[in-house]
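In the two complexes that follow, subunit A is the common piece, with subunit B as its partner first and subunit C second.
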Partner chain A sequence: MALGHSSAAWNGQALSRDGGQLAAFDPRLKLMLSIGFALAVVLVESTALKALFAVVGLSLCVIAGIPRAKLLRRIAALEGFMVLMVLLLPFTVPGPTLFSVGGLHASWTGLHQGVDILLTATAVVAGLMALVGSLPANVLGQTLASFGVPERLVALLMLTVRYLDVVGGEYRRMRNSMRARAFVAGTNRHTWRSVGHLVGMGLLRSIDRAERVTDAMRCRGFDGRYPILYPFRWQLHDTVAALASALVLIGVVMWSMP
Partner chain B sequence: MVDALISVDDLGYSYCGRQHLFHGVSFALHAGERLAVLGDNGVGKTTLLSLLVGLRKARSGSITAFGTRCESEAEFVAVRKRVGYVFQDPDDQLFCPTVLEDLCFGPINLGMSEAEAVDVSRAMLEQLGIASLADKVSFQLSGGQKRIVTLASVLVMQPDVLLLDEPTNALDAHARERLLSTLLELPQAMIVVSHDKDFVESLATRSCTLQPAGLMAPLRPVVA
Partner chain C sequence: MHVVDGVLSAPVLLAGAGVALAGTAVGLRTLDHRNLPVTGVLSATFFVASLIHVPLGPSSVHLVLNGLLGLLLGWLAFPAVLVAAALQAVFFGYGGLFVLGVNVANVALPAVLLGALLRPWIWREGALGTGCAFTLGAGSVLATSLLVALSLAFSGEAFWVAAKLTVLSHLPVALIEGFLCVAALALVRRVRPGFLAEAWQS
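And then the complex of A and B:
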């Protein structure tokens, strides 16, 4: 189910991840670079350059040590949406005819736009996966905080990271206890009511737990400030990488401008 | 006798608009004592602990901690800095992504700088023999590790009194032994709520039973 899946995703995301060859770089650099990379991809107009960016993004994923299987699965999920659009756009965008099916004309312009969007999305997502996706979730929170993202939002992210698994576990235990009593989901009132109870109970338990968590925090002197530690150290190679990539990205964008 | 660390007189509590959960609870906790509170499920043992640190408001009676009678939130905030409360479910207590961050939370609230907090936290992990857990993520710990970490997260604030709510819940024999030996080495006075008879007998210097009509001394008033 959805919840189980997302918690599994965070599990993979969060922890024992080393970031491959990119691990040595400061997370702040990675976050800035992923934004710069996405901007450059969107700004260049030529299809060839967008394709090049997509290749660079995917190579970064490999360098970042993202397992091939996971990389392929995520890219496949993205391209699933994209293929649909590449198939439909030629029929909806006017332009020189490419071919006709049963009175419908597919246009070159539409195909061109579709491919452009596909390459842009692939490049941006690959860049994000390699640079931001390789950060453990708590480091991402610390990085956002160091960029001045409001403390409350960061606390929300951190607490979500922390408790997704607990809530997911509670959900799985309740779900299993339903199955242990011979519950099989179907399309009937009993299923709807039972799933309604499951969701409702999940919410109630979450509220209850949130209150206990707050109590425990108050017991240790919580006064509304969520402490965030900054363990990063900006080093020379971060500066070099930042300057080099800024130069390349700006150069490519300027060069591609008419 | 020296003044009690915490003393409670004729304490009573009821959920809003309902019958008394318990009333007439009186006891005093002195330095070096380890008081066990026994009692049936639902009799209000956890509630009693939360009254002591002001998480809930008592309906009747008084609580005196460290010589000050406590009623307002501000008074209880001061109490919480000196009383470490270890919750029943470690997942309620460990709310930071990593163990080290969780340990730093209390000391920072006590006014330490981040660097100092990290130092004392690492020292505490070292002292409890779990230094290797520092960068682990809370939800990946085993039940026994979570329990020791919650204890560490409270001890790092150097409290004078520990409140432990069912500390042996869901621990295996090995983890339970380890927790027991850790607790026996601590100088702090403690109030332990537990169903685990062997554990209480090995740990407590005194025990009593919570009943709706107040605290009863047990059949064997003083254990070792």
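And then the complex of A and C:
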């Protein structure tokens, strides 16, 4: 029972973050590009092209300065049942037999489909993490707002990012005090009751904190929206990058169409 | 319980996006500067809860807590889950882009509905309150896994086995969430008897 790999991961998501080599580009370009990239990944049908996109996405992550070890952990974090599903596909999709175990036939078609899914999922997520995940949270919020996402939803996003660390810290403190009282988690009613109490206490503290936050924000004249602080500067290299990547993505998709 | 990109068919993706959009729109109508901070903090709590693992035999499962979120936030659970799921996709690589709507709908819809259904009785003392709390925790997880299974099943016959396994593998998770929910609400009732009357809920 731990925050596991993730507690380390979100230290880097505080309000300022270095976008690596991609920091020079306009955030609006990055957001559009991540969507265009994902669209292209989903639209191409050839496995080779999907693999190429996955490699491009992962390379973008490296360029964006996401540490390689962290990247691998995140890519490996496909949830168990998704991996299970991909492993099941060869057995559930009819097609030419790849091998058979005890009367079960694994098909090439199913394996092919499973590999396609893994590549698609990896490529889309890598593109998202490299282009959007490298933005500081406040810039991400303003970029979304500039694309017409409702201001209150953007404000909610920024507040959530702000309180991830706080709530996570609160959880770690409570968890430590349980550990200090020799609590060891297991598969039993005692654990579920104790963790339930932990959750209940966490909720109460969160709500109390939110009330203090509300009061403090109203004192400062908050009326439901954040002022825009980040000046967008669309420059020549943004235009060049936008045109070039649009040309490449559309070209690849058109070319792969039968 | 995130589905990744590349699995679901276009109609399923569109249906999920439609439900998520509608739910978020309803939620946003009640979101103002007074309940914005509490929604944000609870959204963060929900995010953190999904990283808490509880042992289950030799393996472990992570908490979902969508039932509690639905009980506390009502329709605001939709924007809260949307924000948490978007952040998980962008920062942690859980889920994906085009499946975001399906993932949000699968988690938020059962939470909102069960929360609304059980809200009148869940704070009662005794067996009725306990039963409602258990139903909220276990039912939300179970309903979410059913929706995930349906999303898979409607996307192709090849996923039917995976769909059944999804529901089966979430039965123990639902049980654990049920017990957790009972304990969490019992604690809230004991520590803060006036919880229901607190201002942030109005």
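By our rule, the second predicted complex is superposed on the first by the 230 of 258 C-alpha atoms of A that agree within 3 Å, B and C clash if a C-alpha of one lies under 4 Å from a C-alpha of the other, contacts with A are read in each partner's own complex, and residues count from 1 in each chain.
One rule holds in what follows: contacts are C-beta pairs under 8 Å (C-beta built on N, C-alpha and C of every residue); 3 or more make two chains touch, one makes a residue touch a chain.
Model, not experiment: these values are computed from the prediction.
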item: First, second, both or neither for A:174, with subunit B first and subunit C second; value: neither
item: When both partners are placed on the shared chain, which of subunit B and subunit C touches more of subunit A; value: C
item: Which of subunit B and subunit C A:217 touches, first, second, both or neither; value: both
item: Touched partner set for A:51, first subunit B, second subunit C, both or neither; value: neither
item: Partner chain in contact with A:227 - subunit B first, subunit C second, else both or neither; value: first
item: Touching partner for A:138 - first (subunit B), second (subunit C), both, neither; value: first
item: Touched partner set for A:200, first subunit B, second subunit C, both or neither; value: second
item: Subunit B versus subunit C as contact partner of A:63, first or second or both or neither; value: neither
item: Contact residues of subunit A, present in both the subunit B and the subunit C interface; value: 158-159, 161-163, 166, 209, 213, 217-218, 222-223
item: Interfacial residue positions of subunit A with respect to subunit B in the complex; value: 14-15, 136-138, 141, 158-159, 161-163, 165-166, 209, 212-213, 215-223, 225, 227, 229-230
item: Parts of subunit B lying in touch with subunit A, wherever the complex brings them together; value: 50, 53, 55, 77, 80-81, 83-85, 87, 89, 91-98, 100-101, 104-106, 108-110, 114, 117-118, 137-140, 153-154, 157
item: Subunit A contact footprint on subunit C (complex, rising order); value: 1-7, 24, 28, 31-34, 36-45, 47-49, 51-57, 60, 63, 65, 68, 72, 79-80, 82-84, 86-87, 89-98, 152, 157-162, 165-166, 169, 176, 179-188, 191-192, 195, 198-200
item: Subunit A - residues contacting subunit C, complex; value: 1-4, 6-7, 9-10, 13, 34-35, 38, 41-42, 74-75, 77-79, 81-82, 84-85, 88-89, 91-93, 110, 113, 116-121, 124-126, 128-129, 132-133, 140, 150, 152-153, 155-164, 166-168, 171, 185-187, 189, 191-197, 199-204, 206-207, 209-211, 213-214, 217-218, 222-224
